[in-house]
Amino acid sequence: MYELGVVYRNIQRTDAQVADRLGPLGSATVHEAMGRVGLMKPYLRPIYAGAQVSGTAVTVLLHPGDNWMMHVVAEQIRPGDVVVAAITAECTDGYFGDLLATSFQARGARALVIDAGVRDVRTLTEMKFPVWSKAISSKGTIKATLGSVNVPVVCAGMLVTPGDVIIADDDGVVCVPRASAQKTLDAAAAREANEGEKRAKLAAGVLGLDMYNMRESLAKAGLRYVD
Amino acid sequence: MYELGVVYRNIQRTDAQVADRLGPLGSATVHEAMGRVGLMKPYLRPIYAGAQVSGTAVTVLLHPGDNWMMHVVAEQIRPGDVVVAAITAECTDGYFGDLLATSFQARGARALVIDAGVRDVRTLTEMKFPVWSKAISSKGTIKATLGSVNVPVVCAGMLVTPGDVIIADDDGVVCVPRASAQKTLDAAAAREANEGEKRAKLAAGVLGLDMYNMRESLAKAGLRYVD
Amino acid sequence: MYELGVVYRNIQRTDAQVADRLGPLGSATVHEAMGRVGLMKPYLRPIYAGAQVSGTAVTVLLHPGDNWMMHVVAEQIRPGDVVVAAITAECTDGYFGDLLATSFQARGARALVIDAGVRDVRTLTEMKFPVWSKAISSKGTIKATLGSVNVPVVCAGMLVTPGDVIIADDDGVVCVPRASAQKTLDAAAAREANEGEKRAKLAAGVLGLDMYNMRESLAKAGLRYVD
Amino acid sequence: MYELGVVYRNIQRTDAQVADRLGPLGSATVHEAMGRVGLMKPYLRPIYAGAQVSGTAVTVLLHPGDNWMMHVVAEQIRPGDVVVAAITAECTDGYFGDLLATSFQARGARALVIDAGVRDVRTLTEMKFPVWSKAISSKGTIKATLGSVNVPVVCAGMLVTPGDVIIADDDGVVCVPRASAQKTLDAAAAREANEGEKRAKLAAGVLGLDMYNMRESLAKAGLRYVD
Amino acid sequence: MYELGVVYRNIQRTDAQVADRLGPLGSATVHEAMGRVGLMKPYLRPIYAGAQVSGTAVTVLLHPGDNWMMHVVAEQIRPGDVVVAAITAECTDGYFGDLLATSFQARGARALVIDAGVRDVRTLTEMKFPVWSKAISSKGTIKATLGSVNVPVVCAGMLVTPGDVIIADDDGVVCVPRASAQKTLDAAAAREANEGEKRAKLAAGVLGLDMYNMRESLAKAGLRYVD
Amino acid sequence: MYELGVVYRNIQRTDAQVADRLGPLGSATVHEAMGRVGLMKPYLRPIYAGAQVSGTAVTVLLHPGDNWMMHVVAEQIRPGDVVVAAITAECTDGYFGDLLATSFQARGARALVIDAGVRDVRTLTEMKFPVWSKAISSKGTIKATLGSVNVPVVCAGMLVTPGDVIIADDDGVVCVPRASAQKTLDAAAAREANEGEKRAKLAAGVLGLDMYNMRESLAKAGLRYVD
């Protein structure tokens, strides 16, 4: 994979209504709805607590220590997008700060997900521009080598194809492929619908052992109780 | 060690009054009072700042990626307990979320300490159910393999026997064995009693060098000053 | 390097006015102004968000698990200093807590930067005494072995000579050598002066591609656009 | 991405002659020939030194702690294949040992590349069945959950599509997409052809500065020499 | 747990014949025979390949950077023992080198397992004194603080009680409690007995899918094949 | 620190006879002789076992992913030198391979110590050109940004001034400042002289407890024996 020096201008974004509705369901519910796949590695952490976004992925592939393509991807952002940045090797440098965030926000980006470092996090927090990153670092970058924009990339262990849906919150970042976004939304919404009733029962002291009828299968597996 | 497929229902909990009084002394003071032992590895971090708890340990041993026994341990919780979860191999999956937290809280648990991942951290924060964990991850788990409940476990490098006292705050997590809980409480309280006076002296500009009479021993060790 | 058992009492501090003016410029801008050098490794993190300090370095070299010299360095602190603590091997123990912080603060220290662990972080946060550290840990230390005070040290991968300027904020920690402090301040201030105008343009939707005239050089490097 | 519970039996393998010729060129040369992309993360290490293989990828996607699909993928191996195993979350368990290696070898597999752990490494070394893995661990796995075979997977940060070419040696593991395998082979062979002459010159004491005509560009970039 | 300043001279060692017979079965087989528990974390690695030992545990608890108790434990070694060294906090210092190895070997120790660093590895390799450690480091240690000998310790995440059996080879380190050593030996030997026949079948091309009758359960779980 | 874009041609190398005699004493003995300082972090590992070198440091400072200055430093190598390469941020890329090694070897370099990655390790092993590195990686680098040659650098946590002595073996890498090289050699040789006699005693079964007269100080510290 990994074509270098190319910018794809026309990508097929997931329907905005589907993308928007996935966010509030949360990364954990969506990840379960996909069959427990789609999750980026948990080393990606939000720069501040409480952000919860979803949007359509525009992707950028960068080389270690070089953020030139960040300026190229900015032009490809449309309102409702989340920028997903992958690096061709491990790097913790600060590829992104308040100036780029101002530009991304002006173009309508909702967030950045980056498999590297970010800086100016206090200003980004004040701007309410959320970033999920591997590191926070003042280390600046150069502008010397071409990467690509809107090619499929691997970010924090997960393949992201431009136009996929990104769901990010305090629990992590999930990627839902465009082709399965509607199906995933339906499954996740169904999961969510059940949760209120379950929560009420558990709050009332009902045990999961009984609510999920686990006692029999546990006994069959050989669980024994000792007084 | 590590007996599998067993739930011990009757464990000897440390006296509740002792357990309760250890919490406010803090993990650092208690750890010192034990002779600088008893501390879990510092990679365990609270999911939100400011929580400070102590309680009696109920333990659960789980396999990687499998949270079945979490439902089994819920039944064994009594008010004032802290659940301590160990895994038989390294794992960052999210074993615990808002539904289990609702159940644990309804049973009277004060906190969870887990050598793996947790999810729904925003909701857990709103519920004020504190968790000390190795990771935050949306990754769900299966229910396929038996572990055990209320067996001695190693959590983040420290042995925890059911009924021991767990003290957890922003500085980390300490385990005090039941047999030495009263003695540790006495020693920790004595340490604490001294601190106010020391703090006042230091705030007034007195140096630790003088307050602790270190100058002579430093000189004896060979320390020399160069102007 | 690394002379042991010595305390240098007279060090040449960078001019206080220069040191003070570097802080508000921020670690990222200062690091760029130095030619993208001077940054400590990004594993150093502040114990609470929002702190932003600069000051002149007093240094202390310690052995793993031994904080004896922390009391020795306290005496050498002058108002406006930042204490920089290096360890002779990797260690996450909690070398520093609220008592030492009280003493450091009483002597006029603005912050601690330590390549190891710290404890009592809740109290330190309440005291508004910021610390940048590698770990948070209740683990206490002993007082058995001599290190040194005000010798050049390597902290988190960066050489710090006593009297250098330390700039620390949410993005990380930068060290500016005394000899280049004024020059760095001028360069950083110049960078900063440009940023307001750039930010306004970017906020108005102007692209970095145009504002920085990147299109030609990208095309020359071979970038191609696909519709 | 990540379809679960599916085995694709018919995959389009890269032409065997192309795959076979890429191996001796080595992972470093092939990676350069692709434009410095295609490399799996360097935490993947061979279980013994000196192995050098290339072959066509058959892929398997597994859940943490569950190696059931390893038996399913065995049936899909053809002579000349390299099995690439990805896990849906971080895991260091030993998914693979001497029995599976015997089976894989009998089916014609040349190697295993796995983003997790492996065991029986002494026997595997004696069998000359090379494995590139993230860990070595005795920890066994269960057989409870479906993954997939011959779907695209992300292994150690790199996308692998079934039929791609895997090149693995002491320097690491590279994946060459089927579509660009011939082009990459040509480019890599051309690079290789030049190396002998260069090596002779350098061995004779000619400097890279002169051989590559770097002096002018270094001077233009501002390099200065101080005597 | 963790009593400090005590040396237990009389420990109940597992029967030597049982301990000796567990070694050749290997850590992976023994770990499986215990129900997939008992394994130390896989970051412990042998300092040279090919060593395979088993023996009865004598334990030593040390403080970070302090190897004083290594000399104390030496006296407690009997022929057939394996020394297991735990540290009260994370440390990579080199606690053990060729002089201590000479002493340990003279006392009849078969190996050292240490949750820290070791040095003089070339000489240890020549002496054929195997060590499983977390790090290799020239960093020396001091002799200032008491630990304990022959108390239960946690080493690399696993509880070890003096007299337990340690099995260590290229795949890792397993601890078998004295009480279950005979039972584990029987189970491990039974597993081993089956392996030869299985290996022959697999080498002949029989698939695990058939040999283990997995096809039906896979189909029941929903696995589907696509041509 | 860290001046960029400069090559210092005239450095003061430690006397060759002193540098040469330090190597056979080994990194552990030399590190002890310096008072347990001078050691680079233990994550630096040799690419093959058994190499043991010492030599005078020539230094090179590089940017992440950019090995341009490697060609510049080659010209400054004199017979007996060891090249020490530092990077301005964390990086695992393969900065150095067989062509550069051929050039370095032709210039008389004895080894490379690099706080980053290396490649072509099989060829380097055949050439007997030892490298101590943080990673092994096929990832290539670009040639775009100036660093410096023969400035003081921090490599793996240790300050190295050009002309210092580097001692590297299987236990790690130590830097001895030029000014203290003779004194360190004398102290290390004295330590070494004692070791033969000690080893003989220990091999004969004498305990360190007796040989070092530790029993009294242990008893004074409170050690007690329990039968």
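Residue numbering begins at 1 within each chain, and the chains themselves are lettered A, B, C, D, E and F in the order written.
Going forward, a contact is a pair of C-beta atoms (placed from the backbone, for glycine too) under 8 Å apart; a residue touches a chain by one contact, two chains touch by 3 or more.
Predicted model, so just to flag it, every value in this text is computed and none were measured.
K.L.:
Give me the fewest steps it takes to get from chain C to chain D if each step has to go to a chain it touches.
P.N.:
Tracing touching chains, the least step count from chain C to chain D comes to 2.
K.L.:
Among the remaining chains, which ones contact both chain B and chain D?
P.N.:
Chains touching both chain B and chain D: A, E.
K.L.:
Same or different for chain A and chain D, where same means more than half of the interface numbers show up on both copies?
P.N.:
Mostly the same residues.
K.L.:
Over half of the contact pairs shared by residue number: find the pair among A-F, B-D or A-C that meets that against A-B.
P.N.:
Interface equivalent to A-B, from the options A-F, B-D or A-C: A-C.
K.L.:
Centroid from C-alpha atoms only, then distance chain B to chain C, rounded to Å. What do you get?
P.N.:
Between these chains, centre-to-centre, one finds 31 Å.
K.L.:
Using mean CA coordinates as chain centres, what's the gap between chain C and chain F in Å?
P.N.:
The separation of the two C-alpha centroids amounts to 27 Å.
K.L.:
Averaged over CA atoms, how far is the centre of chain A from the centre of chain E? Could you give it in whole Å?
P.N.:
Centre separation, chain A to chain E: 40 Å.
K.L.:
When you check chain F against every other chain, which residues touch at least two of them?
P.N.:
36, 39, 42, 63, 88-90, 92, 137, 139, 145
K.L.:
When you check every pair of chains, which ones turn out to touch?
P.N.:
A-B, A-C, A-D, A-F, B-C, B-D, B-E, C-E, C-F, D-E, D-F, E-F
K.L.:
Under the touch definition given earlier, write down the residues of chain C that touch chain B in their complex.
P.N.:
5-10, 48, 68, 70-72, 74-75, 92, 94, 97-100, 102-103, 105-107, 117, 119-122, 125, 135-140, 143, 145-146
K.L.:
Over in the complex, which chain B residues touch chain C? Could you list them?
P.N.:
26-28, 30-32, 36, 39, 42, 45, 49-50, 52, 169-172, 174, 195, 198-199, 202-205, 207-209, 212, 214, 218, 221-227
K.L.:
Under the stated contact criterion, what part of chain D meets chain A in this complex?
P.N.:
1-2, 4, 34-39, 41-42, 63, 88-90, 152, 154, 157-159, 161, 175, 177
K.L.:
Quick one: in the complex, what on chain F touches chain A?
P.N.:
By the definition above, chain F touches chain A via 63-66, 88-93, 137, 139, 142, 144-145.
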